[in-house]
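Shared between the two complexes below is chain A, which pairs with chain B and chain C, respectively.
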Partner chain A sequence: MRLVPWLYLGAAFVFIYLPVAALVLFSFQESNLPVPPFQGPSLRWYADILGDDDVMQALAHSLMVAAGSSAVACVLGFFAAYGLARHVLPGSAFLRGLLIAPLTVSYLIVGLGLLIVIQRAGLGLSLMTAGVGHVVINLPLCFAIIYASMGAQQQNAERAARDLGADEFRVITLVTVPMLAPAIAAAFFLSVTLSWDEFIISFLLTRFDVTLPVEIWSMLRSGLSPRLNAIGSIVFLVSVTAVLILEILVFRKRRP
Partner chain B sequence: MTATVSINALSHWFGDFQALSDVSLNIDAGEYVTLLGPSGCGKTTLLSVLGGFIAPTRGDVIIGGRDMTRVPPAQRPTTTMFQDYALFPHMSLRDNVGFGLRMAGRKRKERHRRAGEMLELVGLGDAQTARPHELSGGQRQRVALARALAVRPDVLLLDEPLGALDLKLRRAMQDELKDIQRQVGTTFVHVTHDQEEAMAIADRIVVMNAGRIEDEGTPARIYRAPASLFSADFMGEMNHIPARLSGGQALTPFGDIPADGPEGSRVVVCVRPEALSTTDGPLSTGPSILRDVAFFGTHIRVHLEPEAAPGRILTAHLPPDTKVSQGDTLSLSADLAAVIMFPVEE
Partner chain C sequence: MSRSAEQRRGWGFVAPALLWTLAFFVLPFAVMGAMSLATLEGRTLVWGLSLANYAELAEKAYLWRAIMVSLEITVTVTVVSVVLAYPLAWIIAFRVPARWQRLALLLAILPFWTSYVVRSYAWLLVLAREGVVNQTLMTLGLISEPVTLANTRFATVTGFVHFFVMLLTLTIYANLIQLSPNYRRAAMDLGASAFQTFRHVILPLTLPGIVTGAFLTFVLCIGDYVTPQILGGNTELTVPQVIMVQLGRRADFPLASALAIVLMAIVTVVYLLSARWLKLDRL
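Entry: the complex of A and B
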C-alpha cells in the first residue's frame, strides 16, 4: 500500500501549516477573541490595524530596514566574494571562515555585542543601528550564496571581456553582475525575509522608532486579540511574496 | 589586421615547475601556425603569454614590432577564442559579437552593422537576437570566432577551439577556420593536441614537448622528416627498429642501411606503417607472420611478426584491395627515402 507515506506526508504538512492556517483564519474573526468558535468572516481587524498609525509606521520601518540592510549586505557580500574568488590572498581560507562565522553566533549575542559597542561609542539607538545589526547577520549569508555561484564559467567570461578591451569596472558591471544576477537576487530576497521577521536584534537596537516584530511584541503584552492575527497574516503575506519573487527570479533562469 | 609575432628566449615557471624553457619562435604576418603537443607540454602557457594572461618569467614577446611582454590583454592587438567559448550568456549573439567594439567606444549602429557582418561570415546571419544557450556547440564556436574577429585583431589566438566538438563537426570546422583565416588575413595561432587537426589547417606546425619546441615546419616536412623521435612519434604511428652503427652502416635485423655516426653507437630506425609495401626495397622484413588484419576503408592495417626478429611486432598499412588474412606469411619492404634514423641517448 502507498497509503502510509501519503498519510505521513499529510500529517507533516498539517503539523507545519496548522498554526499559520489558524492564525490567518482567526484574523477574520468577528468577535474580540481569536479563539473558536469561528465567527465571520470579517475584515474588521484589518480595517482596525490599517487605521492604526503606530502599526503602519512600524510596518514601513520594517520594510525600510529590510530593504536597506539587505541591499548593503548584498553589495558587501558581492565584493567579498569577488575578491576571494578571483584573487589569491594569503590566508583566504581563514578570511572565508571569518566571513561565514557570524552565521553560527546567536542573534542574542550579536545584538548584545552591538548594543554594548553602540552605547560605548555614544551613538543613539535608532532604525539605523537595527539595520547595522541586520547587515551583520545577513552578510555571511549573502557572501556564502554569491561566493558559491562564482564558478569557472563567470571567470572565463570575465577573461574574455578583458581580452576584448573591458576595464575592471566594465567587467564587473557588464559581465559579472548580470551573470550572477540570480544569485544576487536570491541573496537579497532571503535577507529581506530574515530581516523582516527578526525580533531580538531589532528589540535591543531600536528605541522610539521600532520595527513591526517589536511593535507586535509590545501589543502582545496587552493580551490576545484578532488584531495581532491580522498583523501576523500581513507579515506572513510579505514573507511569502519575497520568497515567491525569489523562486521566480532564480528558477525561471534555470529553465532554458 | 595582421602582424608578425616574435617570441624571444621565453621561459616561464609555475612555482618549481618550468612550463616553458627558452622558447623562441617567429611567426609571419597572416600565417596560420598551430602549436601541437601533449597535455602539459607548455602550448597553452605559450598561448596565454601571447594573449597577455600570463606575464612570462623571462624573455619577451614582440607583436607587430612592439614589445607586448607586459601589456595587459585589453590593450593588445590580440584576441583569444577560448576553449569553452566563454560567451556572455546574458547577451544576444549580436551583443556578444559587438562587445569588443562597445569597449572600443563605437556607436551602437556601427556595432550592430559589424556584428551582423561577422555573424554572416560564420553562417549565423539570421540568429542575431538569439541567446548563446539556444545554440549547438558548433554554433557557439562560430559565435566565439565572430566575437574575436569583430575587433579586427592583428593576431587571433585559438585555445583548443575544436576540442569539445564531435569528429565530423571538427573536420568541417577545420576547413571553415582555414577558409575564414584566408578571407580576413589575420595571423592565427592555434593550440591543439590533435595532429590530424594540425596537419589539416596549419601553414606551419610547431611541435612542443616538456616546455620546448621540438620541431617546426610545414606539415609534410614534419611528418616525413621529423627533427626528433618525439616529433616523429607524435605526428603519427611509427615503427621503431633498434640498430647499432658499424662501418658506416646501421645494422638492423632487416638489412643494413647507410648511416653516419660514431662507430658502435645505438640508433632507432623509424618507418611509417604506410611506407612498408610488398614491392622490393633495401629494408626488408623477410618472411613475417600476420598476427592480425583489420580493414579501415582507406587501407588494411596489419600487425606482423618477422621471423628475423621474433617477438618484435611491426605495423603496416597495405592498400585496401590487398588479399591477406591472419596467419599468412608475407614479406614487406621499405624504400630508403622513407626511412629515418635517430640516435639513442644513452
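Entry: the complex of A and C
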C-alpha cells in the first residue's frame, strides 16, 4: 500500500515524458523514419535542418516576433500597472477587467477577429501583424504579473524618492523598475515562451514570412520525419530554457 | 498635485495599453460580431442584421455535429484530466519530501511548455501505426497486427489529457499546499477515517482549485484547432476545425464568425455555471 503513491507518480511521469522521449530520441535516428527500432545515434537530421534556409529563417522570425512582442507587452503592461496601482482612477476595476479580458478568449478567436479587421482595412499580412496579435494575448499576463507585485513597499520607496526631489521619470527608472525587475523579467520570459510556441495566431496572420510553428505545420503534411523530430527538439529546448530562467527568477525572488 | 492633474497623469500611463486592447481586441471582436450577422451572396459580402448564419447551425447537420463533437471531447478531457491530476498533485504535495517538491512539480509540468504543434506531433510518433506503442506491443507479442490509435478521437483525447493533466496538477497543487495541516489533524482526531477526511474536509476545501483548473481546461480545450487536426485526423470535425475550413477553402467569414461567437457563448455559459467556485485572481 505504501508503494502505491510512488507507482502512481512513476506512471504519471512515464505518461508525461513518453511523447517528449520519443520526439528527442528519434531526432537522432539514422534512417528516414522516426519509429522503432532506434538506429543511431546520428546528427544527420540536425545537420539537415541547420542547413535548411526556410527553417532557419522561420526560427529567426520566431525569435524576432517573440522578443519584440514580449518587449512591447511588458512596456505597455508595466505602464498600465503603474497607472492603476499608483493613481486613483474612476472605474479602475472595470479597466483592470478590460485589460485582462483577452485571457478568457481562445487564441483562434483573437486571431480570427484581427484577420477580419486587417482584411477589411486592406492591410497586408506579415510578421508585424502576427506580432500585434501576440501582444494582445501577452499584454494581460504582463499587466497582471507586474500589477500583482506592486506592493506598498515599493510605494514607500517611491514616496521617499519623490520627497527627495526626484521627478516622475527618475522615480520610475531609478526606483520602481529596479525594484520590480524580477516581476518584469518573469513577465517577459513567460511572454517569450508563449509567443515562441504560439501557432494559430501566427498561422492566420502571416503570409510569406512565417514563424517556426507555422513552418513545422506545413512540413507536417508529409507525415512523420526525423527532420520534424530534430526541429521539435530544438523548439522544446528553447521553451525549457526560457521556463528554467523564469523558474530561477521567481524562485530567487521568494528567497529573502 | 491636484486630484484632476493626478488623474490625468494616471490616464496617461494606462492609455497605451488601453488603446492597444481597444484597437486590437475589442474592435476586432465587435467587427467579428457584426460579421456573424452579414451574409455571403456568391462571393460578395453583404453587411446586414441577418441571423442566417446562426440558423444554418441548426439546419446543417455537420455544423450541429461539430458542436456536439467539441462538447463531448471537451467534457471527456476535463473529467479525465481532473481525475488523473488530483492524485498526482496530492502525491507531490503530501508524499514527496518538502525539499524535492518544487523540483517534482517543475518536472511534472515541464512538457507543458511545448507548442501545441510539437506536442501533438510527438504524440503522433507514439500512437502512429508503426509508432512506439504498436511496436512495443508487437515485440511483446501482445498483438500481432498494429492497432489503429492515431487519427481517432482516442488520440485527440490522449493529446489533450496529457496537456491538461499538467495544467491541473499545477492549479490543484497550489490549492493543496495552502491548506493548513490542522484541518486534516482535526478531522482525524475527531475520528474520521482517511477517506472521510478527504471526502468531507479536503475535497470541499480544494474545490476552488479544481473548478478553476477545470474551467481553464474547458476554455483552452474547446478552442484548440491543432490537437484534433493533427491527432484526430479528419474522421470527425470539432468547431475550431470547421471554422478553419470556412476560412480556408470557402472564405466564408460570416459563418466562421458565427461559429466563433457560439464558442464564446458556450464558454460564457460554463463560466456562469462555475463562477461560484472560480478564483481566477488566485492563480
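Things worth noting here:
To be clear about the criterion, the second predicted complex is superposed on the first by the 251 of 256 C-alpha atoms of A that agree within 3 Å, B and C clash if a C-alpha of one lies under 4 Å from a C-alpha of the other, contacts with A are read in each partner's own complex, and residues count from 1 in each chain.
As a convention for this text, a contact is a pair of C-beta atoms (placed from the backbone, for glycine too) under 8 Å apart; a residue touches a chain by one contact, two chains touch by 3 or more.
Keep in mind that what you see is a predicted model, and the values were worked out from it rather than measured.
On the superposed chain A, the two partners chain B and chain C both fit, without a clash.
In the superposition on chain A, contact is made by A:Gly165 with chain B only, not with chain C. In the superposed model, A:Ile16 lies in contact with chain C only, and not with chain B. In the superposition on chain A, A:Val175 makes contact with chain B only, while chain C stays out of contact range. Residue contacts after overlaying the shared chain place A:Ala157 against chain B, while chain C stays out of touching range. Between chain B and chain C, C contacts the larger number of chain A residues. After overlaying the two complexes on the shared chain, residue contacts for A:Phe199 are found with chain C alone; chain B is out of touch. Geometry note, superposition on chain A: angle between chain B and chain C about the Cα centre of chain A is 100 degrees, to the nearest 10.
Annotation: superposed on chain A, chain B and chain C show a minimal Cα-Cα gap of 7 Å. By the touch rule above, chain B contacts chain A in their complex via residues 51-53, 72-75, 78-80, 82, 84, 86-90, 99-100, 103-104, 133-134, 147-148, 151. Against chain A, the residues of chain C that register as touching in their complex are 6-7, 9-14, 16-18, 20-21, 24-29, 31-32, 35, 84, 87-88, 91-92, 95-96, 102, 104, 106-108, 110-111, 113-119, 121-126, 128, 130-132, 135-136, 162, 165-166, 219-220, 222-226, 230, 240, 243, 247, 253, 256-257, 260, 263-264, 267, 271.
Across the complex, chain A meets chain C through its residues 5-6, 8-9, 12-13, 15-20, 22-23, 26, 33-37, 75-77, 79-80, 82-84, 86-90, 95, 98-99, 101-102, 104-110, 112-117, 120, 132-133, 135-136, 139, 143, 168, 193, 196-200, 204, 213, 216-217, 220, 224, 228-229, 232, 235-236, 239-240, 242-243, 247, 251.
Those residues of chain A that touch chain B in the shared complex are 152-153, 156-157, 159-167, 170, 174-175, 178-179, 181, 256.
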